[in-house]
Structures are given as structure tokens and as C-alpha cells.
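First the structure, in the form of C-alpha cells, and then the observations on it.
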Amino acid sequence: MAQGLGVAVIGAGMAGKAHAAAYRVAPTLFDPVLPPIRLVSIGDANPQFGDVAARRFGYERTDACWQAIAESDDIDVVSVVVANRLHLEIVEGLLAAGKHVLCEKPLADTLASARAMADLAAGASGLARVGFTYRRTPGIAYLKELLDTGVLGRVLHVSGRYWTDYGASPQAPMSWRYQGGPGSGALADVGSHLSYVAEFLAGDLQSVSGGRLSTVIGSRPLPLAAVMGHDHVAVSDEHADVENDDYAAFSATFAGGVGAFEVSRVAAGHANSLIVEVFCENGAATFDQRRPAEIGLFLNEGPTARNGYRQVLLGPEHPYLASGLAMDAVGVGFGQNDAFAYQARAFLEEVAGVDPTAALPPCATFAEGVHNMEILAAVSESALHHGKVVSL
Amino acid sequence: MAQGLGVAVIGAGMAGKAHAAAYRVAPTLFDPVLPPIRLVSIGDANPQFGDVAARRFGYERTDACWQAIAESDDIDVVSVVVANRLHLEIVEGLLAAGKHVLCEKPLADTLASARAMADLAAGASGLARVGFTYRRTPGIAYLKELLDTGVLGRVLHVSGRYWTDYGASPQAPMSWRYQGGPGSGALADVGSHLSYVAEFLAGDLQSVSGGRLSTVIGSRPLPLAAVMGHDHVAVSDEHADVENDDYAAFSATFAGGVGAFEVSRVAAGHANSLIVEVFCENGAATFDQRRPAEIGLFLNEGPTARNGYRQVLLGPEHPYLASGLAMDAVGVGFGQNDAFAYQARAFLEEVAGVDPTAALPPCATFAEGVHNMEILAAVSESALHHGKVVSL
Amino acid sequence: MAQGLGVAVIGAGMAGKAHAAAYRVAPTLFDPVLPPIRLVSIGDANPQFGDVAARRFGYERTDACWQAIAESDDIDVVSVVVANRLHLEIVEGLLAAGKHVLCEKPLADTLASARAMADLAAGASGLARVGFTYRRTPGIAYLKELLDTGVLGRVLHVSGRYWTDYGASPQAPMSWRYQGGPGSGALADVGSHLSYVAEFLAGDLQSVSGGRLSTVIGSRPLPLAAVMGHDHVAVSDEHADVENDDYAAFSATFAGGVGAFEVSRVAAGHANSLIVEVFCENGAATFDQRRPAEIGLFLNEGPTARNGYRQVLLGPEHPYLASGLAMDAVGVGFGQNDAFAYQARAFLEEVAGVDPTAALPPCATFAEGVHNMEILAAVSESALHHGKVVSL
Amino acid sequence: MAQGLGVAVIGAGMAGKAHAAAYRVAPTLFDPVLPPIRLVSIGDANPQFGDVAARRFGYERTDACWQAIAESDDIDVVSVVVANRLHLEIVEGLLAAGKHVLCEKPLADTLASARAMADLAAGASGLARVGFTYRRTPGIAYLKELLDTGVLGRVLHVSGRYWTDYGASPQAPMSWRYQGGPGSGALADVGSHLSYVAEFLAGDLQSVSGGRLSTVIGSRPLPLAAVMGHDHVAVSDEHADVENDDYAAFSATFAGGVGAFEVSRVAAGHANSLIVEVFCENGAATFDQRRPAEIGLFLNEGPTARNGYRQVLLGPEHPYLASGLAMDAVGVGFGQNDAFAYQARAFLEEVAGVDPTAALPPCATFAEGVHNMEILAAVSESALHHGKVVSL
């Protein structure tokens, strides 16, 4: 570590590139300077993808297998950004080699694998953290601050929705996304983020009920070409049945309130809309991912005739933005790439053992990653049993 | 009826006044002129209330009991706008006397009473209708038109919320609203409207599940003076327990889609926010009572880069507004008093047996009123049985 | 007047019908009951139009010429709602006959005629008032209340726009609207409302400068059929030149602030958008006709991090809505037909000499009508002299 | 240049840090990889500021005077981000030394200095560019694309406002911002951006008229401590007169349309709101800096009843976002730091002589910087001559 912490990213897809860029930006955030880091390797089974990403983001090399990274003495810190079903094997290898690991969410493809990973983490010398980036979203973070400091008072109820539209067209071609068991559809895809945010704000989730998993577009045309991401390729006249959930709903009891939640992959007009409303004793607050640079805030104070929801534009007095980016004036804007950079910074600070930047809470542990998967499993169980209450 | 249909309103509270004003305005809506009507009586147990309303809205007299109205030969049409527990007795008397009855929703205080009223209606010579005014809201009506004409395509899922805040402050004094059995709180209060609108849009509701009834503010201070409406009178140090639901949630299966719904009386900042989103195969549409003069509309057409939710301002090309009010240009605005007038017009047209105005669907029957109460009863039953599915 | 004030409306077009309906509703607004009124006559040169309106709104008869109304002993109060160029002759006749006159804005087609009318009004026994309905718009009225009560502090600057789109398409056919001298286009059409609202809020307008009148669509196709209102009839290949202003801009100095204003008839997507922003020492407020049931309000108070523009939903604590309509709860909504009713009520109260309803300021005088036309004339003069300052 | 282009930034304030960070990120944007660059020096008269910034953003050293940078053989590219009055001297020195210069806007403190700089640029071997970052704002860039590709048709009129509130409180202390000649206040501060954006969209500005410069808060309290930025330090009872414009307005004629514009530094509730509306023959579009991740779009197509302004969320199909940032999905967000990175990238591409990235137009020339200052000078001249037309 004489030359600084060596960093690698496994996976050169879009999220992998976000991790790769984030490590490059992380040292420039906030004033206290991090210990030096070296951008060493981007691993990808497709050497061309890895090579392009390495050159673009300034990494020294690319590796074609994760084992090469696990074995490298010049690498200390590794982001794992590959298919969920590969997480267990790779993370096990990296932790065994003493690396510090930041694994993308969800922690694994099955709850059993996730629990195995948490066990490994408990015994590992390196740190094991999971990447829930929504705690790095300034609006969500400010809602939490308003709750933690008592401005809003006790939480009464929470309402959340995560609408996406990648499957909204009945002509969107069949793909692996539409196959799998109950809960492997919209619930797994975006319910993970929504339940994470709900619990981040409202405290420990104790039980769910009213689980509902619905397939509302029963079959989809077979594609005539390979489907990359959410692309709408040409389709054939043949159809196959959709196996998992287009839509899911559930309600929940938290430490200090209740709430109801919906997710969808067939919500026309919504690319990526996480929406959350928190109702409390002293007021209420809302966040809508479509307008990420603001929150809605209502406070029970002053004359009723003049009161109403406020559009609070996020700026240098709000979490992450204060002294975070180079330019930090009001209205300066921010994005998910910045959120990944904040995450990388928090991880590097914890790895380096430096005093954490006050504004920057640490990354979630593997235990938290398991817990998040348990919530989704409970929703599926409730749905399979016609809405019954499932405790966590 | 030589001098026209005689009209009476029983109840001179706020909603009663809305009915009284509506009969006065109804003949002026749309071009075909109604048969003549006479504004005869406003009944109220408090003669002073009845007298003021009669003078203000131009009714000939006031009556201090409903029996006097039932016995009057010069009255043909009666709106019943009194406490729900009085509906059965009064409607029974009016129907027995051959009157045409427009009863405010919900139809009764208990499902048994509502069913008895529907039986009476089936055997009565006069019409028996229930006042669901939301079908008279131009935005809701336009959503239905978009669905009925196929513009939006098949419904996939529906999401609805009805937020109110009259109990949002823990200092709001104890009153009858906070007393009663499960489902008699927020669910009865505003869930009736929300479930009506959902079914109006998405078709027959077949089952509910995941019912949840939550009391999130457990006790309230006793008032030191009589509580009128939602007034926040001075309170004592003593508290009493809240018995019924501050918040309710459920999900539902409709003829052609699914959905999830929430209602609250403790949602800070929301006086009266009915919000509904309909997601369909060809697009999606939303209505928000806070901005009643517009809907949100997304259509799956044209280049993605230019697409997005449209703010459609309601005007003369939309239901009710076209040739309805005297001034009917775009941006002319409208309100719930107008909705009551449309309702009175539809009721009078049906009573008079004239060709109905095309734009004006008839009022809901008592059978529909019973069905709406059955939905809420099913939600309460689901809640009592930990979220189970309850078929209708 | 034994049987009550006799009311007539001259003109049975859309605005005439709004006046006709308004007199019918006026007595029902607010609690103190008006002296009795009789709805006597609707005058229109087209007897069929007059007849339909009389039957629809419950007037006793129709008259085919204004002289018949002037000569009727049973008529005390007359609204004049016809082409501007006819105002002088009709109002002169009505005032000579001792009637009370409510004349639609603008007061006349020329400043000279308007001044002559103001002279006639000064010597008349009857009241002469002009119908600026925007002071009856609850949002505008609340902005004024916030200014008058000192909540917002001294006005610094005002910004206003009135966008309409009836000429937005280059294919909108040539009509009389596109003919006439400088300032007879968009400026006369909607600038009248905008300047009225600006002065209502910011106090006496002292001078204008930077007048600009622009014809941005130089020619329009000739219609192949008569153009009614803003209809887009079939057009020929032949075009004629547009003579007057599609767009106008000016800035102004008020008693206590400055401001800039724009109007357009070619603003795509805006049917009827009057938008005004008032910036003051203690905060700021905005009104947008597209969302008439709310205002935007910013107050310089409390922590900056929590502050922002509030969406204040108008309800029973705001002007006109408090105890005005039958149903007056929050979120009940309202429209321009209601504004006409408030105006009719204020006029009838002044005619009857009763104590005015506190919430209901009197109608504007003819002198105010002249002043409003002088402002627009000053804008045109500034435009003709390349933007120079013109004092009022 | 064997080891890559050497980069320096002169000025370590907030904007200087944005430039410093931007050079670090620039190579990672878009797929084609830039020639190598070296981050060499951050210059600042305050060595501590320079040192912190150099360490934070990974520059090799700091220099305490610009001459050291001009003389360094290892520096090829220099951003100048210091007080406007220093631009001429420093840029002259850098160009004489053969450096490529990116100078922050406005080009200089006086028009004469700006013209001198343009003359120097014309004879220099290095590139001379000025940093108008608003062309890097995805929403503004998409408006331009909609205009350039004919989707919106010919521009009819443009409306723009730039509201800021740093002087909104009458208690904001006196500072250098409130001193200087006509036009040196709000007009110079934010009018530069607004007029740049207007011309970027509507084409060459040919003349202005109706210039208005208003001081609406006449005096301000003297500060009791040094004022940094817009800080509200403690103030004394003594006041001094404000010398320059709190508010400015003007209208303009462009190559193909007209428009009106306002700027303010006393607009309560607006930290930094650049708002622009473009009205065209086929539709209209709007941008509002408060919601930077979307534009408003109206297109004259399809049935009127379903039409309205669309909220187009910016994503990978829109300028700069497509393949720009590491993560480039819809709803990923972005900010002004990203805009600086795009600008740095465009400048480096031009310096390196590589094929420019298609999505990335070059930076503005010094001639454009002079022209922008001439527009503001014309507004001031119009204001001094009571609103007269001033041609450019």
C-alpha cells in the first residue's frame, strides 16, 4: 500500500463503469484529502469491454477473470458489479484473498446465497459492504435528516411507489426478465430499492402483509435477435408466457409507523420513478426521482391560509451537496454518477480507517443486504398465502 | 306537476346547501331546457338553519321534519342529506309516499340498512338514486372516456390514494369521528369515494386483499367545547383512546386489472386529495383533486425522446364542460358546486323522463350504493383476518 | 321595484350568458340575503339567440333591440355585453333612461369613446360600472390581500405574461382580429386584463416604456367559410397580410415598483394563461391561470434549508371562497362562472344600497375603465416611438 | 507533449475548482479516448487555496502567480478563472507564451478590454475560447436540437427570465456588487447568461429596445465584517446607496423572432432560476433551471383534447447524456459540474486536433464573448436613452 490503495472493478457494464468512474472522482469530494489510491484493473469476461473501460477511466489494465484480481498483490479494494448469481462465488474468493469488497445490490440471487455471504463477511479480514446508492441521493438523505433531527416528528405512515416502463408495451420482447419464480420480476428488480428507502426512513420493518404479485401482460412475443438491456428488438409472431410479476404490492409495519408500497415494470411513461411520501406528526415530506434536485416539504406551522407544500430546492445546505462537489452552489445539480462517487468515497474512507467525513455515512453491511432480501421474500410469501401477515 | 316538479332538500348543512343550490342551477346547464321545476322546501330539524337556507337559495318554505315533506303534495323530488344513520327511516318514508329520492352517499350507516334500502327501492314507484359526485368531476369523467373509447387500451393496474389531514395534528380533539368499529374511520370517510372512482374506471371489483386498518395516533385530547366539523377547539389535559382507523390500505382485483389503494385522515398538508393513476396497454392517465382543472396523460406514440406526461387542461372538448356551464371556454374553471348541479340535472332528467343529455350519465342506483359499501366491508374483513383475500 | 330589482342583459353570446347566469346565482352567495330581483329580459339582435338564453337562464322575455330595454319600466339593472364599438351608443341610451349599467371591458373601442362614456357616467343618476372580472379571481384577490396586509412587504418588481394560442397556427384563417391599427391585436385582446391585474396588485401605473408590437406571422390564408370565434375553418390558397400585433411587450413604473409584461396570441399550448409574479421585500407570490385553485407563495422566514415556494391551495380561508359558494370546503374548486356571479352580486349590492359584503369590493368605475385603456394606448405610443417612455 | 497535454487552472475559487475537476473527468466522457493529459498546476495568489485545490483534484503543484504558469514548458492548456478585470493582462501573457486559453465569461470587465482580447486572439498561435457553460446544459442543448432539426418550426417569440435572490433581503449588506455604473449590477451578473441562451436558441440578436435598469432597494446597511460571496454578515446602522441595477428588462429582435427578458437579484425564493420559453410555428418548448432534468414541450399534433405540455425527462436520447457519463440511463441525473466537464472535453478535443465527438460542439470564441458583452452594453445604452432601439 506504499503507493496507495489499489482499486479494481469486476464488471464493465453500465453499473461497472459507474463504479470505475466513481473511484476516480472520490478523492476530489470534500476537503479532507483521502490517502492515495491507484486505479489498477477493470475485470470483465469480455476483454474488449474491459479494455475500453480501463482506458476510458484511467485504470492500468484489464483482467479477464476475477481470480486474477483476487490474486493480485497490488489490489486492495474491489467492486463486484456482475450478475447476481455470480456474487457468492466471486465475493467468497475475494474475501478469502483478504480484499475489501463492495458488492452491488441485491446481495445475491437467492436468500440462501446472501446468508452464506453474510457468514463469510463476518469471518473475513476485509470489509464487506453492499451498494445501496439511494442513501447517497441528496433528497432521500435530507428526508432522513428531517426525521432524525425531529423536525417532522414521529412517522405515522409512509407511501411508496417505484414505477418503471420497460415492459409497458405488450410488444416488448420475451427475455430472461420475464422468467423465474414468484417475486423475481418487478419486485426483485425495483422493490429492493423501494423497500430499502422505506426502511431507511421509517425504521425497522417488522412485518409485511397483503403481498400481491400480478402478471398483467400474460405473454410476450419471442425476439428475433438477442435482447440487450431493455431494447425493443424485432419480434416474431410466436409468444411465450410471462412467468413472474409485472406488478407487486404490499403493506408493512415499521418500528414507528405503517405503509403501503407498489412496484411495476409496466407503468407507461415512467422510466425510473421512485416516489416516497412520509407523513409525520409535525408535517410531511416527499421525494420523486423524476425531480431529483428538490423535495416537497409541509410543516405544521404558521397560519393555515398561507401554508402548503414547499418545493425545497436542494443546495449547499443539504446532505452530500455541502462542500461535496467542486461547484456546490444552489441549483448546481447532481446525478447518480455523483451518488456512486459518494459511495466510493465512503467505502474508501472506511477501508483506509480515516475519520469519516461527517456528511458521509458508511456503506451498508452484508447483514443489511440479507435483511433487504428477507423483506422481498416475505412479500412473496405473503402473496403466495393470499395476503397473510409475514413477520421478519 | 302543472306548475313543474316540486323539489325539496332534507338537511341544511354544507352538503345540503350544495344540493339546494344545485337544483336552482340545474335547468341552466346545457341547451335543451328541462321541464319547469319549483323550489319548494328545505327541511332541517333546526328551523333557523332551514329558514336561512330557504331564503338564500330561493325555496318557498322550510319544514322542521321530514314527514311534512313526505306528506306534501307539491313535492316530487327530494334530496336526503342528513346523518347516514337516518337514511333508512327517511328514505323508507319518502319512497312510501311516492317521492323520487336522491340520497347522499354512503347509502347507510350499516350494510344491513343499505340492503334494506335497496329492497325498498326495487319495489318503489319513485326513483331511488345515490349521490356519487365524482362521476361528475370532469377529470375523472375524461379518464373514463379515454378508457371507454380505447385510447388508453386495456387497464393493467390502478393506483389510488385519498389523503386528508383533519386528524393530522395529535392535538385535534376527540370526537365521534374517532369512535366506532373497524373501518368506521378514514376508510368509511373517504374510502367510499376512492373505491367508487377506482371501480368506475377499472370495471367490476372482484376481490380485495391485504386489508390494513391502522390507528397511528392512539389517543386524543378531550375537547373543552362542542366540536363542529373539523374545528380545532380548546382541549383538556385528559385524553381518550382513538377506536377506529386513521389509515387504511388494501389491494384489489378488477374485471381487467389490479390495484392498490390507501386512505388517511392524518396526512399533513392534504385537505382533500383524491389521486388516481391508471396504467394501460397504450398509455397512462392521472387525476389529482388538488389540480382539478387538468389531467396527466401519457400516450405510447411518437419518438421516445419527445414523449412525456402531458398536462391536459380541461376545457370545452372534455366531459361536462362542453356546453355545460354558461361560459365554457378553455381555462374557465369549475368546482364541486358545479358537480352537484350536473348531478341534480341528471336526476331531474331521469325523473322527468326526458331524453338524457348525451354528456350526462344517470345517477347511481341503490344497488350500486350497496355494492360500494360491500367493498369497504370486504376491506375491513380482510384486515380483521390479517390480509386475506375477500371476494365480492 | 315593488317586485324587486328588474335585471336585463344585452347580448346573448358566451359572455352574455355568463352575465345572465350570474344574476341568477348572485342572491345565493354569502349569507345576507339580497333584496329580491326579477330576471326580466335578455336582449339580442338575433331573436333566436335571445330566446334560447332567456329560457335557459329563466328570464321572462327577450328583446330584439336595446331601446326596448331602455324604455322598459320594469328594468333597473342592465349588463352590456356586445361588441366594443356599440358600447357608447347603448350605454348613453341606458344611462339617459336612468338605468344602472354594468358594461363589459374594455370600456369602448376607442379612447375617445371611453372618455365620452366616463363623462356621461359622471352626470348620470344610475350607476355605471365596468366588468373587470379578474379582481373576482380568488388567487388574484389573495395576492392583493397579502400585499395590502403587509405580509409580503413593499413591492419591488412585477412580471406578467398573458399567453394565448388562437393564432398560433399559421393556418389559422384571416379574420377581423388580424385587422386594425397598432395595438388592436394581442395587446387590446388580453393586454387589458394583464395591465389591470398588474395595477390592481402593484398600485398606480405611472409610465410605460419599451413598447413593442410585433407581427410575427405576416400573412394568413383566407377562410372559405365564415369564422365564428376562434374556429379553424377550411382555408383557400390566397393569403392576406396581418395588420396588427401578434405579440406585444412593455415595461412599466408603478407607484411602488417596476415590471415587465408580454402578451401573445401565437403562444402554442396556452389557451388562456395569465401568469403574474410579484416580488417583494418579505417574499414573493405567483398566480397562474392554468392552475386557478392555487397560488405560489414564498416567505422570507425560518431556516433557508427548509424554505421554498409553497403551493397554497385556495379554500375557505381565502377571498371569495369563504362562505361564498354553497359548498365552501377546501379543494371545492371554482371557476370563471363563479367570478361573474361574485361580480353581479357586488353590482346588485351597490345598486340596492345595502351594506356591502365585506369580502366583496365594488365593481370598477368608468374612470378606471378609461385609465386601463390609456395604459394600452401608452404602450402603442411607446412602440410607435421606438420604445420611448410615455407617462400616464 | 510527450507525456500528454499539460493542464493548468488559474484561480482556485469555486468556479476554478469546477475547471480543475472538469479536466480530471473530461477524458472519461464518451467512448473515444482523448490523448493523454497531465494535471500540472493550479495557480492562486493565495498559496494555501491553490495548495488545497491541487491536492484535492490531483494536480502536481500550485503556482502563486500566473507568470509562472505562462513560463512553464510543461503547460499547454490554461483555464483563466479570476476576477474579470484581470482577464486582459493574464490572457495576453498566456497567448504570448503560446498557451491555449479557456477564459471564463464575461470575457472582460469592459467592452474595450474584451475587444483587445479578441484582437490578441486573432493573432495568437494558441486557441482562445470563452466558457459559456449553458450550451452544455442538456435541456438547453435539446431545445436547440428541436429548433435546428425543424421539429418546432420557425421561432416566433422568446421569453426569458433569470431570477436570483442574493440581494432580496433589504438587510443584505452593501458590497462591491452594489457599486459601479449602469448595467454593472444584475444585468452584468446574470444577463450575460440569459442573453447568451436567447441568442443560442433564436439566432443572431439584431437590436434591443426598452432597456430598463432599476434600483429598487435604494440603500443597504454597511457590513461589520468582510463579505465573502453572498454571505449575510452582521451589519451596522449606517447605510450606503446602491449604485447599480437590482433589476433589468429589455426586449430584442433576433434573426427570426422577437422576445423580452428580465433579470433580477432581488427575486425572493429564486437562488438561480434561468427560465426560457421558445414559441414557434409548430409548437413551443421551455427550460427552467430549477428542474434541470426535464424540458416542457408542446407540439401542434394530434387531437386537441388530448394535447398539452409534455414533461420530457432528459435521458440517453438527449444531448450530452447519450454515452456521456459513465451511467447514462434515463433519470440518472446530471449537474453543472458535468457541464464543466463537457466543456473541458470540447476544449481539449479542439486543442488536440482530434475528430470532435459529434455530440459536443466547440467552445465559444473570443469574438462571441465580445458580442455577448455588446448586447449588454446595448441594453444599458437603451436604458440611458429612455428605452430607445439600439442596433448591434
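Here the chain labels run A, B, C and D in written order, and each chain numbers its own residues starting at 1.
Throughout what follows, contacts are C-beta pairs under 8 Å (C-beta built on N, C-alpha and C of every residue); 3 or more make two chains touch, one makes a residue touch a chain.
Everything quoted here is computed from the prediction, not taken from an experiment.
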{"item": "Touching both chain C and chain D (chains)", "value": "A, B"}
{"item": "Result of counting contacting C-beta pairs for B-C and B-D, higher pair", "value": "B-C"}
{"item": "Separation of mean Cα positions, chain B and chain A [Å, integer]", "value": "41"}
{"item": "Intercentroid distance (Cα basis), chain C paired with chain B, Å", "value": "34"}
{"item": "Distance between the centres, which are taken as Cα means, of chain D and chain B, whole angstrom", "value": "54"}
{"item": "Residues of chain B whose C-beta touches two or more other chains", "value": "294, 307-309, 311, 313"}
{"item": "Complex contact set, residues of chain D against chain C", "value": "156-157, 159, 161, 163, 168-170, 209-212, 214, 216-217, 246-247, 249-251, 257-258, 260, 262, 264, 266-270, 279-284, 298, 300, 307-309, 382, 386-389"}
{"item": "Complex interface listing, chain C residues touching chain B", "value": "14-15, 17-18, 20-22, 24-25, 27-28, 31, 33, 52, 55-58, 271-273, 289-294, 311, 313, 315, 325-338, 340"}
{"item": "Complex interface listing, chain B residues touching chain D", "value": "146, 151, 294, 297, 299, 301-302, 304-313, 317-318"}
